[in-house]
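Okay, so subunit A shows up in both of these, paired with subunit B first and subunit C after.
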Partner chain A sequence: MLRPFALYQPTTVAEASDLLAREGANAALYAGGTEVLLILKEGLLRVGSLIDVKRVPGLAAIRADNGHLSIGATATHRTVENDATVRARCPLVAGVARHVANIRVRSVGTVGGNLAFADPHSDLATVFLAFDAVVHLASRRGARTLPLADFVRGQYETAREEDEILTAVRLTAWPAHTAGAYAKFGVHERPTLGVAVALTRHGDAVGAVRVAVGCVGPRPQRISAAEERLCGVSLADVARHAGEVAELAAREVDPTTDLHGSAEYKRDMTRVFVRRTLLVAVARAAGRDTHERHPHTVIV
Partner chain B sequence: MNVIPIQSSSKIRFRVNGGAVELDVRPEALLLDVLRDRLQLKGARRSCDMQVCGACTVLVDGAPVSACTYLAIEADGREVLTVEGLADGDRLDPLQEAFIEHGAVQCGFCTSGMLLTAKTLLAEEPSPSPERVAEYLRGNLCRCTGYRKILDAILACAKSGATRA
Partner chain C sequence: MRVERELDVAVPPERLWDTLWDVPRMVTCLPGCTEAREVEPHRRYEARMTQKVGPISLSVPMQVTISNVVAPTSLSLEAKGRDGVLGAAVSMSVNLAVTPRAAGSRVRIEAEGKILGKLGALGHGVIQRKAEELIDEFGVRLRRTVEG
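This part shows the complex of A and B:
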């Protein structure tokens, strides 16, 4: 059961921002409701009003330009999964969207809601980090952008100001000759661990690398030590370095003990899954696919 | 800007299983409660109450949603299908027939959600692989663990090509 609340349905970002500024902690933003309605039901959040941003025109738009892909905040996971532009520019993102939560959550849950809620056990932020994501925030005071890595501050904590609305996330499409993979593992509803790896070929060697690990700690992170180690390595040698790279990732993550497991366990699983995901990515970079399967694991 | 003040109702008009419905609902009213308590449609069930189990699955404009975590007001102007609307009079939906034939029902608590989710899947992908069916139904839990027969029933129905849109 939900406690009574008022429902506002603004039609511009400025209106929504004014409401947020006026209502302060008494209001929460609402789109798909897959997160906010849950915490309202549980009594973890109490507000007198919800501000429904789904009626703001253009907020669900998906656009591509100059090597970037912009996904509007109120685009649902289902929309992202099926969108031709996403599939063409960032196919891994469409693939991951297909595996977010379950079909009912994907039908209504939104990309912006997912990022702004900042549940650490979420796929999108991890994958988006591998696309150098930038979030767009807007308020009556103006608009600004922030790298996703700076936007997510911790568990359920973001850099969004009280009167701001997350309007879109902008991804940088991978350059040509890039192959990537995303693996997630878990037996619960939400993932215990997510790893995204992308390798850009430069001749027979690795030209650029992206490694992102999420869900194990308070926020997803890029693993720069692992990326640096792989840069310039010949494609044929990547598999030989996989163990070492996985070890670097296991050292660099900041795991938290929670219901998904102990910090120690998550560090171990980071090692296991960075290695596995890297091997899938390098196989794809070489034009093969591995069709690897592991228990309780989804590989996109 | 549309505003519905706290403790007040607004009128919603929507279709449920093909019939027009008009109701006054408060913003916090959940679709599941409206269906069960005001429209006496008990096929969608409250179980986990957190979008994990799928017992409350209904289709809104053809898309599965968790009615336990979906505001009734969102159904305004839309088409809602519950398990009660699957059969055409006395003629069961081919999926229902397949569930009976394969014994895909034990306690039956999850069945309405399974049927409706499968309905959407077959509407979108008429010939899914077994892996795809399992993946699509990931969010519908059967605590009797009768998954094998449920999957068999859905695959058999797909194979027979008997699904109705």
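This part shows the complex of A and C:
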């Protein structure tokens, strides 16, 4: 049951920050409510007021500049999925947005809400890591930026201060000749595992690689050992190294035993899915598509 | 949920043992522990544990019972409580063993805990991690307290 609460609808970030500072632990930010309303209804969160930042003009803006794509915090998943700029600059992000949760969540849930709630079983943070994402935070004290990797501290825990609002996430679009893939697996409502891989071609070899794994541990992570191993490898040889790279990823993740499965299971699934996603990415880098299908798996 | 840890400290078991019974000092070692008091020396204590998992706060008045005391080497601890707001029942049992080492003592902590109620909706993983963090931080602070 939802208890009574006061609803504030500030029209500027400064006003929202003032409210946050004034209300302290008695308030929660509302940016779609697909997460916060669940814990409010469960009674896990008791707050006297919600601060709705969806009404702040401009906070949902999506812009591209100098090789970056900036997605405003209150842009919904549905907006991201259909946005022409996102599709042109970071098509993988639009593709992933299309498969977040279900249509009801995508219509009201927002990018900023998703990142700030930091549920480990979520797609966005993982795929954004593969775009070297930086989050923008603002309060009445000023604004700051933080790499997404530092922003997400753990399960439901971020570096956001009590009076701060996540205003946008900035992605670095991949360079030319980059092919990517995102695979997620899960039998529950939320993903058990998500893997993002991007390969940048340099002639016939791999110039740069990004591998990010999420959902299996408290926070998503880039797998630098796997990325380094693949750099410089000829495209034709990537498949031969896929098993070894997947093994490096399985070793580097920090899986948590939870309702989605044991830590050992998740480590094994990391091995399986890093390999699969890498093979899809390398096929795309070579101009082919694999049309792979696996049970309970979405490949974007 | 189960957490096991071993911790080496640079003081002899007797000195470590004395610290373990020093309520105000132990409170400073346990993150989130407040309002601790002795109900019956070396047997019963009360304390409030407050923990935060992201946006969710848990605040539980705990009844603590100590048993199987063999000074200065081992004791068992049972703690039970209920968060009235969240309706979460928390219970934990801890076995603590101290053995002498060349340069001091080794403490072995075996903790087993249960959280029942809606908090379970967050999944076992969150709570297990939180418990591990808590005991690791306890180890760091205990070492600082006894060695400092």
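FYI, the second predicted complex is superposed on the first by the 300 of 300 C-alpha atoms of A that agree within 3 Å, B and C clash if a C-alpha of one lies under 4 Å from a C-alpha of the other, contacts with A are read in each partner's own complex, and residues count from 1 in each chain.
Quick note on the criterion: a residue touches a chain if its C-beta (ideal position, glycine included) is under 8 Å from a C-beta of that chain, and two chains touch if they have at least 3 such contacts.
Worth saying up front: this structure is predicted, and the values here are computed from it rather than measured.
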- [ ] After lining both complexes up on subunit A, report clash or fit for subunit B versus subunit C.
- [x] fit
Open item on the list: Quick check for you: in the superposed arrangement, does A:43 touch first (subunit B), second (subunit C), both or neither?
Closed with: second
Task: For subunit A as apex, the angle formed with subunit B and subunit C - C-alpha centres, to the nearest 10 degrees - done: 100
Open item on the list: So in the superposed three-chain picture, is A:104 touching just subunit B, just subunit C, both, or none of them (first/second/both/neither)?
Closed with: first
Task: Between subunit B and subunit C, more extensive residue contact with subunit A - done: B
- [ ] Please indicate which partner A:11 is in contact with in the superposed arrangement: first for subunit B, second for subunit C, both, or neither.
- [x] first
- [ ] Considering only touches as defined above, state whether A:34 meets subunit B (first), subunit C (second), both or neither.
- [x] first
- [ ] May I ask you to decide whether A:155 touches subunit B, subunit C, both, or neither, giving the answer as first, second, both or neither?
- [x] second
- [ ] Figure out whether A:3 sits in contact with subunit B (first) or subunit C (second), or with both, or with neither.
- [x] first
Task: Shortest CA-CA distance between subunit B and subunit C [superposed frame, angstrom] - done: 12
Task: On subunit A, positions contacted by subunit B and by subunit C - done: none
Task: Interfacial residue positions of subunit A with respect to subunit C in the complex - done: 25, 28, 36, 39, 42-46, 117-118, 120, 154-157, 218, 256-260
TODO: In the complex, go through subunit C and note every residue touching subunit A.
DONE: 53-57, 85-87, 118-119, 121-126, 128-129
Task: subunit A-touching residues of subunit B, taken from the complex the two chains share - done: 1-7, 26-28, 30, 49-52, 54, 57, 60, 63-66, 69-71, 73-74, 117, 120, 135-136, 138-140
Open item on the list: Show me the residue ranges of subunit A that touch subunit B in the complex, using the header's touch definition.
Closed with: 1-11, 15, 33-34, 37-38, 41, 48-50, 55, 78, 99, 101-105, 107-108, 189
